[in-house]
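Below is one structure; the comments refer to it alone.
All chains are identified by letter, namely A, B, C and D, in their written order; residue positions are counted from 1 within each chain.
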Amino acid sequence: MNTLTKDGRVNVDNGSNHVSKFAKKIEITRSASDLRRRYQEVRALSERLCEPLETEDYVIQTMPEASPTKWHLAHTSWFFETFLLEPNISNYQSAHPQYNYLFNSYYNAVGPFHCRPKRGLLSRPTVREVYEYRKYVDALMVELIDHADARKLDSLEPRITLGLNHEQQHQELLLTDLKHVFSENPLRPTYRQRGIAKVNPVPPVTWFRFEEGIHSIGHGGSGFRYDNEEPLHRVLTNSFLLSSRLVTNGEYLAFMRDGGYQRPELWLSLGWNVVREKGWQAPLYWEKQICDWRTMTLAGMRDLCLEEPVCHVSFFEADAYARWSGARLPSEEEWEIAVSGVPVEGNFVDNEVYHPAPLDSQTADPAQMFGDVWEWTRSPYSPYPGYAPVPGALGEYNGKFMCNQFVLRGGSCATSKSHIRPTYRNFFPPDARWQFSGLRLAKDVK
Amino acid sequence: MNTLTKDGRVNVDNGSNHVSKFAKKIEITRSASDLRRRYQEVRALSERLCEPLETEDYVIQTMPEASPTKWHLAHTSWFFETFLLEPNISNYQSAHPQYNYLFNSYYNAVGPFHCRPKRGLLSRPTVREVYEYRKYVDALMVELIDHADARKLDSLEPRITLGLNHEQQHQELLLTDLKHVFSENPLRPTYRQRGIAKVNPVPPVTWFRFEEGIHSIGHGGSGFRYDNEEPLHRVLTNSFLLSSRLVTNGEYLAFMRDGGYQRPELWLSLGWNVVREKGWQAPLYWEKQICDWRTMTLAGMRDLCLEEPVCHVSFFEADAYARWSGARLPSEEEWEIAVSGVPVEGNFVDNEVYHPAPLDSQTADPAQMFGDVWEWTRSPYSPYPGYAPVPGALGEYNGKFMCNQFVLRGGSCATSKSHIRPTYRNFFPPDARWQFSGLRLAKDVK
Amino acid sequence: MNTLTKDGRVNVDNGSNHVSKFAKKIEITRSASDLRRRYQEVRALSERLCEPLETEDYVIQTMPEASPTKWHLAHTSWFFETFLLEPNISNYQSAHPQYNYLFNSYYNAVGPFHCRPKRGLLSRPTVREVYEYRKYVDALMVELIDHADARKLDSLEPRITLGLNHEQQHQELLLTDLKHVFSENPLRPTYRQRGIAKVNPVPPVTWFRFEEGIHSIGHGGSGFRYDNEEPLHRVLTNSFLLSSRLVTNGEYLAFMRDGGYQRPELWLSLGWNVVREKGWQAPLYWEKQICDWRTMTLAGMRDLCLEEPVCHVSFFEADAYARWSGARLPSEEEWEIAVSGVPVEGNFVDNEVYHPAPLDSQTADPAQMFGDVWEWTRSPYSPYPGYAPVPGALGEYNGKFMCNQFVLRGGSCATSKSHIRPTYRNFFPPDARWQFSGLRLAKDVK
Amino acid sequence: MNTLTKDGRVNVDNGSNHVSKFAKKIEITRSASDLRRRYQEVRALSERLCEPLETEDYVIQTMPEASPTKWHLAHTSWFFETFLLEPNISNYQSAHPQYNYLFNSYYNAVGPFHCRPKRGLLSRPTVREVYEYRKYVDALMVELIDHADARKLDSLEPRITLGLNHEQQHQELLLTDLKHVFSENPLRPTYRQRGIAKVNPVPPVTWFRFEEGIHSIGHGGSGFRYDNEEPLHRVLTNSFLLSSRLVTNGEYLAFMRDGGYQRPELWLSLGWNVVREKGWQAPLYWEKQICDWRTMTLAGMRDLCLEEPVCHVSFFEADAYARWSGARLPSEEEWEIAVSGVPVEGNFVDNEVYHPAPLDSQTADPAQMFGDVWEWTRSPYSPYPGYAPVPGALGEYNGKFMCNQFVLRGGSCATSKSHIRPTYRNFFPPDARWQFSGLRLAKDVK
C-alpha cells in the first residue's frame, strides 16, 4: 500500500518490486507522463465545459434522470477517489467523510448512496468546495501516477483509463443535463454564442447494401473498451440496406405534417401511451411559434434548420418515423458491420459546436456514422453471448442496466472523439429524449 | 357478402363461385364440420372454466393489467363479431351498438375503446347478457361456417383459427386474473377443490449439452402460428448447457434464505427498484405464517410444496435466482433448439389441475419443457429478422408490443395443449408475476 | 348478558330486574313492538331500494369515497351486530369470523378494517350471502327487542335508534354511490323509469330578512340527534337576508355562460386548482351534446330542466356561483335560524322520485329548505362550543371528521323524511359532488 | 402619472395638486423621510438575513410549499414594482420583461405566473441579478417617496406599508424555507452559530380563567392590518381556561412515550392518515440517535432541550396532544380575548436567536403569547362576518385562501416584532410543520 503522508503527499506502494528502479527509469517516466497527460487533459475538459456557467447553474436538477453540474464534477472525482486513491494509498483520508455517500451514483457494493432524484436538493458542498475536491483528488492522482513504478503503472493504467472514460461519459451528460436546465427556464439562457452558418442542400439518401454472412461483433483487440462490448462473437445476419446519411429535420417535419403524432398505427403500444400522456407533438426542444418551428440549442433559440439531422427524439419517435417511411431502424450488429473501415471522424465535442451539423457532401461510406447524433438501433440492450461483468463494484457499471433500454451507436456532438469506437454501445430507455439522439434508416433486402 | 336475414339466419356470400355446389358437398361438409367442432370445443371451454364462479366473481378487476371474467367472455366474442361476422355478413347487426366500444381491447384500427383500467367499473352488461352475447355470436358463427362453400371456408378458416387461439389465450388470462381476484379477498375463496397428492423427491438437476451451430428458429411450416413466430430464420449459437428440469420451490427457498431479496448485487437495477418499492420478499401468492410458508392456489391455501416448480416469479426474480445459482436464463433460441424433437406433452389446462406439478422422473429429454409453468428466457421480445406484421387491425396483435417485455416459452398448467408449439412466443413485462411463470437454468460452455 | 342458544335464539339478559315481569307486560309489549316496527321499516327500505338492481350492480366501487351496494347492506348489519348483538348476547357467534374485518368502516376501537378503496375488489361474500347476513342479524335483533324487559328496552333503544339513523345515512349513500356507478358506464343504465312532468316557471327570488340577535343553535330537546348537534349553545349573529328558494339549473347555466369556470377571481384558490386539475366545466353528471346540456339522472339521461334546483355541485362551485351573483352562502347558524318554525316537509326519498324537483309556488317561508338538495353552507365543520364525543367506539362517529369539511343542511331527495331535523349537520369535503348537493344564497344587510 | 426619465429618475405625478409645494415642504419631508426609513429598514432586513448564505443556498427548493431564497428576494421586489412603481410611474420600464411572469406568486389578476413547484428549477436570474433587481426597485421606490407631495404620500403610504408587511411575511418564510433546505442536506449546514445557554426549570402550568360574555374581535382601529382581520365584530363566548404558557418539548415527549403516534383514538381521521402515510413519529426536525433525541436548529444539531416550547408540529399533532392531555386548543377568539392588554413583547426575529426559548418565569398574564412559536388554534380559517376582500389584485391576498386551513396566532422567533398584532391571523393547512408552530392548551369551564 502507498501511504498518504501528513503533508498530503503520497507514498506509493509499488509492491514487492525489487528490480532496479533506475534501470527502468526512462521508460517509466515516459509511460507515467503519458498517463498523467491524458488524466489532466480529460479532467481539464470537464472544467473547461463549465466555463460559461454561473454558480447557480451548477446546482439545479430539472428531472430525476439528470444531475446537477456540480454533482457530475464531484462524482467523477469520487470515482478516482474510490477506485484508485483509496485502494492504493494506505490510511487514505477522504476529502470529506460524507462525500462517499453524496457522490456515489449507484454502486451498491461501495455502500449506501444519496437518492438520485434528490441530487438537486443540496446547496452544499458549494461549487467552490467541489472544485477544491477536484484539486485534492487531482493532486493525489498525479502523485500516485508519478510515484508508481512500471509494474504499478501497469496495474493502475486500466482503472485510470476506465475513470477517464467514465468522466468523458459524464461530460456528455453534463452538457445534456445543462441543456435541460436551460430549457426549463423561461429566460432561455445561452450556453455559448455561436454564429449561424450558411447551409447547403443535403444530398439525397442512397442505400448501401451489405450482404448476408457471418460477422464478428464486439471488441476483441487491445485498447480500452467497456465490458458490455465483450466478448467478440460471431453473428449471422441477413442482407440489408443502410441509409447513406442521418434523417434530417426537414424529413422529420414531413412525418409530423403527415399526422405522425396522431396516428397510433405508426407507434409501438408503449410509445403511443407516452405520446398521449406527455402530449408529445414534436422532438424535445422544438417550440412552435405561430406557424414556424424554433428550437432551443446551447447557442440559444434558433429557427429550425431543415438540413440538420433531427435530434432529441426518443426511440419511440425514431421507430415511428422509420415505420412511417417504410423502413426500419438498423440492428446494432448491422450498424457495426456497416461502420467497419469507416474512420472515426465527425462532429464531436472537440469541435465546440455542441449541436449536430448538416451533411455537406456524401462520401463513399455511409456518412455521419460518428458524431452529430447518437443513432437509435432496434436492438434491446442485452448481454452479448458469453458476457460476464467484471467482479466487484465495477461490475455494476454496465450489466445491471441490461433491461428495458435500447442501444445507440456512434457518439454525438457532445461526445469526445477519443471516447468513441465502432464497438461502443450506448443505451437509454425508449422514452429518453434529452440526449443528442437521432436516427438513420435501414431496410431488409427483399 | 353474406346477409343476415330478419330471422337472424345468415346468408353466406360465397363469392363468385359458380361451380356445382353439389359436387363438392361431401368434402365441404367434412371440413366445415371439423371447423365447427373446433370452434364449439374452444368456445365451450371458456364457459366450462367459469362453472365454479358466482355471478359476482365475473365482475371484479383487481389490477390494471387484469380483466374481469365477463370481459374476457365478451371480448373473445367481440373478436369473432368484428373480424368474422361483420366482414362476412351483409348488413350485420351487432348484438349491441356499444359492445364494440366496450369489448375492443386495443385495436386502434377498429375504433376507440374503453380504458383498460376501467373494465372493472362496469356492472352492465350483466353476466347473463354476456352469455347471451356469446350465444348470439356462436349461432351466427355456426351458420357462417355451415353455409360456406369450400372456397369460402378456405378464406374463413385462418381467421377463425386465429380467433380460437385468441380465445385460448384469454382462457389462460381468465384463470390467472381470477386467481388474482381471489388473492385480494381476505376470505381466500377456492376455485376448485383438489386433493393433496403424495409427492416423491425430485430428481437432481443434470445438464443437457447443445453444440455450437447454425439453427433454424421460428415457424416455417404449415399449421397455425402467430406472426411473431415468423419468419423462419437462421441463427448462430454458441454451445450451451440446459437444466434437465424446472427450478423448484425448495431451491428457490434456499435463494431466499441466502438473502436473495436483500442483496442488490444479485439483481438488475430496475429489478432491485421494484423489490424495494413493492416490498417483495417471496413469489406472488406466498404467505408467511409464523415460520412456514403457505401459498394460495386455485384449490385454496396450501402448505408450500418444496418439490413443485417455483411459480409466480417475475423475470427479475428468475434472473436474480439464476445469477445467485451461478447460471443464467436460456435465450429463447436456446430453448427452441433444446425442445426440438421433444413431444408437446405436459401438465396443461386439459389436466384440470390448474397448478404446476412436481417432476416425477427424469426423461431422456429435458423434462417439463411444456406445461406446468411458462419459462422466462433472457430474450427481450423483439421482431425476428424480416418480421412484418400482417396488414390491418390484426397487425396490432403482436408487433406493437415488442418493447420492454421478455419472452416466455413452453406454456403452463393454464394453457390448452392444442394452443402450444415449440415456436410459441409468449411475452410479459419483467415485473409481471401473476401468470404461471417459472424458470429453468442454462449455462455457457466454457 | 343475554345468551345465544344453540338453535340461534336469544336469551336476553334483562339484568338484575326482579320486579314482576307480568305487571309490566302490556307496556313493554307496546314499546317493544313500536321499536321492532321502526327497526323493520328502516331495514326493509334498504332492501326495497335495491329492488331495481342486478346482482352485478351490488359489487362495483367506482371511486375511493364510494362503496359497493352490498358493502352498504353488510356494513349496516355489522353495526347492529357489533354495537347491539355482541354486547347484549352472551357467547354471541358472529355470522362469519371475518365480517368484522370486512364490514367495519372506520372504527379503530373495534379493530383493524379492510382498506376503504379496496371495497370494490371483493366478489365474496356474494350478494346472496349478504342478504343472509342481514336475515341473521335481523332475526336476532327482533328477538333481542322482543325479549327485553322495559329497563332493558330503555338501554337498547338509543343504540338501536342510532343504528337505524346510521342505516338511513347509508341508504342515501347507497343511492348516490349507485348513481356514480351508473355514470361510469357508457351504457347509462337506468335505476327506475320515471315520466317527465310538465314544469311551470319558477317564482323569482325574494329575500327573507332575519334580524341581528342572540340565537340558540343546536339540539337541546329530547328525541334522537347526533352528538355533533350538541350542545345547545347561543350565538350572536348579524342581520342577514336569505333567498326564498334554491338556485336553479337555469341560473347556474347563466354563471357558466358568463365564464364561471374560466375566471379564477370567482374561486377559492384550492377550488381553482381542482377546476383545472379535473377539468370541471359543469356540475357532475351534466353532458354537453353539441349545444344542449343533458344530465344523467336515476331515471336515465334527460334534457337539462332549467327550473330544477342545480345539483351535484361542490362547495367550491357553490361558493364561486355565490360570489359571481354578488351574494354569499349562508352560515349554518343562519340556515338554522331561518328554518325555525318551518315544517319538515319536502321532496324526500319517501317520494320515490330520486331527483330534485322544481319549485311550484313560493310559500310564506323560505321554500325548499328541506329535501330536494343538501344546501352547502359557508361553515367549516367544527365542534360546537363545549362539544364532547361520546366515549368508546361510537365516539368515532362524528368528531374525528371535523377537519377540512363543510356543513350542508336540510336533506335531499335521497334522504328519509324521518331522518332529518332543523339541527341536522351533514358534512363533506369541499370538492365532493356526488351527493345531491345544491345551494341557496344569503346576503349581509348593509 | 409620474414619469421615468431616461436617466432612470422618477417624475412623480402628484396629481392635480396646485397648492404651493414650498409651503408644505417641511411636513412632507418629515412624513416622507419616515416612510423612506421604514422602507429601507424592512428591505435591509431581508438582505441581512441572507448574509450567512452561500450563493448555492439561494437556489434550492426542497418542497412545493417552499420557495428558494432568491425567489423570496425577487418576489418581494416584484410586489413593489407591480403595485407601486407601475401604477405610479408613467412609461414604467420593468427591470426585465419576464420578471413579472417569474416572480408573481399567485395573483391571477396580474397575469399568468410560473408554476410554484418549479421555482427551484431556475438558475437564472442569478443571485447577483436578483440583488440588482432589488437595487433597481429600491432606487425608484425611494425616488417615488421623496418626490411625492403630501397628498400623494397619503395615497402611497397604505400600499407601501402593505408591501413592507408582505416582505416581513416573506422574511419569515425565507428562514423557515431555508431551514428545510438545510434539513434535506446530509451535511446539516448551520445558518448561524449560537452558544448553548443554561436553562432553568419551566414554571408549572396554571390556568387563567376568562368569563362568558360578548367580546369585540378583529381590528377596528387605525394602523395597518390585513383585510382578514376585519371587520371588527362581536362574538358571544363561553367561559374558558387558558394555559399560562406554551407546551414544552418535555411535555410533548411524554405524549410520544405514551404512544401518542400509535393511538388512532387521539387523532382526527385525516391526521391519522397523514401520520401513517408520512410515517410521523415526532415533530419535524427531531432525529433519534440511539435513545436520545436531537433536533436540527438554525444553529446546527442540538440535544433536545426539554424546557423549550415544542415546535414544528402540525395542527394534527397539536390537536392530538391536546386531546391526550385532556384539554383542547383555544379558538382564535379565545386567544384574542386572552391577549387583550398583554404587551407585544417576546422572542422575535429581532432577537436574532431564530429558535423558541424556554420560559424563564411566569408573569401575571399568560406568558409567551407573542413570539417563540405560532400557536395553533382550533379555528378553521374563515371570513369574519361581513368580511369583504379589497377590490382588484390585492383582494387575492387573503380571502381566496379561506378553505382547509387553520388559524395560528402570536408570531414566532422568525417574525418581526413590528409585524405582529393581537388581531393578526396567520393560517396554514393542518399538516404543515415547517413553520415555527407550537401550541398552548385551553379548557372549557364545566
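The criterion applied here is as follows: a contact is a pair of C-beta atoms (placed from the backbone, for glycine too) under 8 Å apart; a residue touches a chain by one contact, two chains touch by 3 or more.
Here the structure is a predicted model, which is why all the values come from computation and not from measurement.
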| item | value |
| --- | --- |
| Intersection of the contact lists for chain A and chain D | none |
| Centroid comparison with chain C (C-alpha atoms), farthest chain | A |
| Interchain centroid distance [CA atoms averaged], chain C/chain D, Å | 40 |
| Separation of mean Cα positions, chain C and chain B [Å, integer] | 47 |
| For chain A paired with chain C, centre-to-centre distance based on mean C-alpha positions, whole Å | 62 |
| Sites on chain B at which at least two other chains make contact | none |
| In the complex with chain C, residue positions of chain D that touch it | 106, 108-109, 214, 233-238, 264-265, 267-272, 378-380, 382-383, 385-386, 395-396, 400-404, 430, 444 |
| List of chain C residues in touch with chain B within their complex | 54-60, 62, 98, 101-102, 114, 118, 120-127, 181, 184-187, 189 |
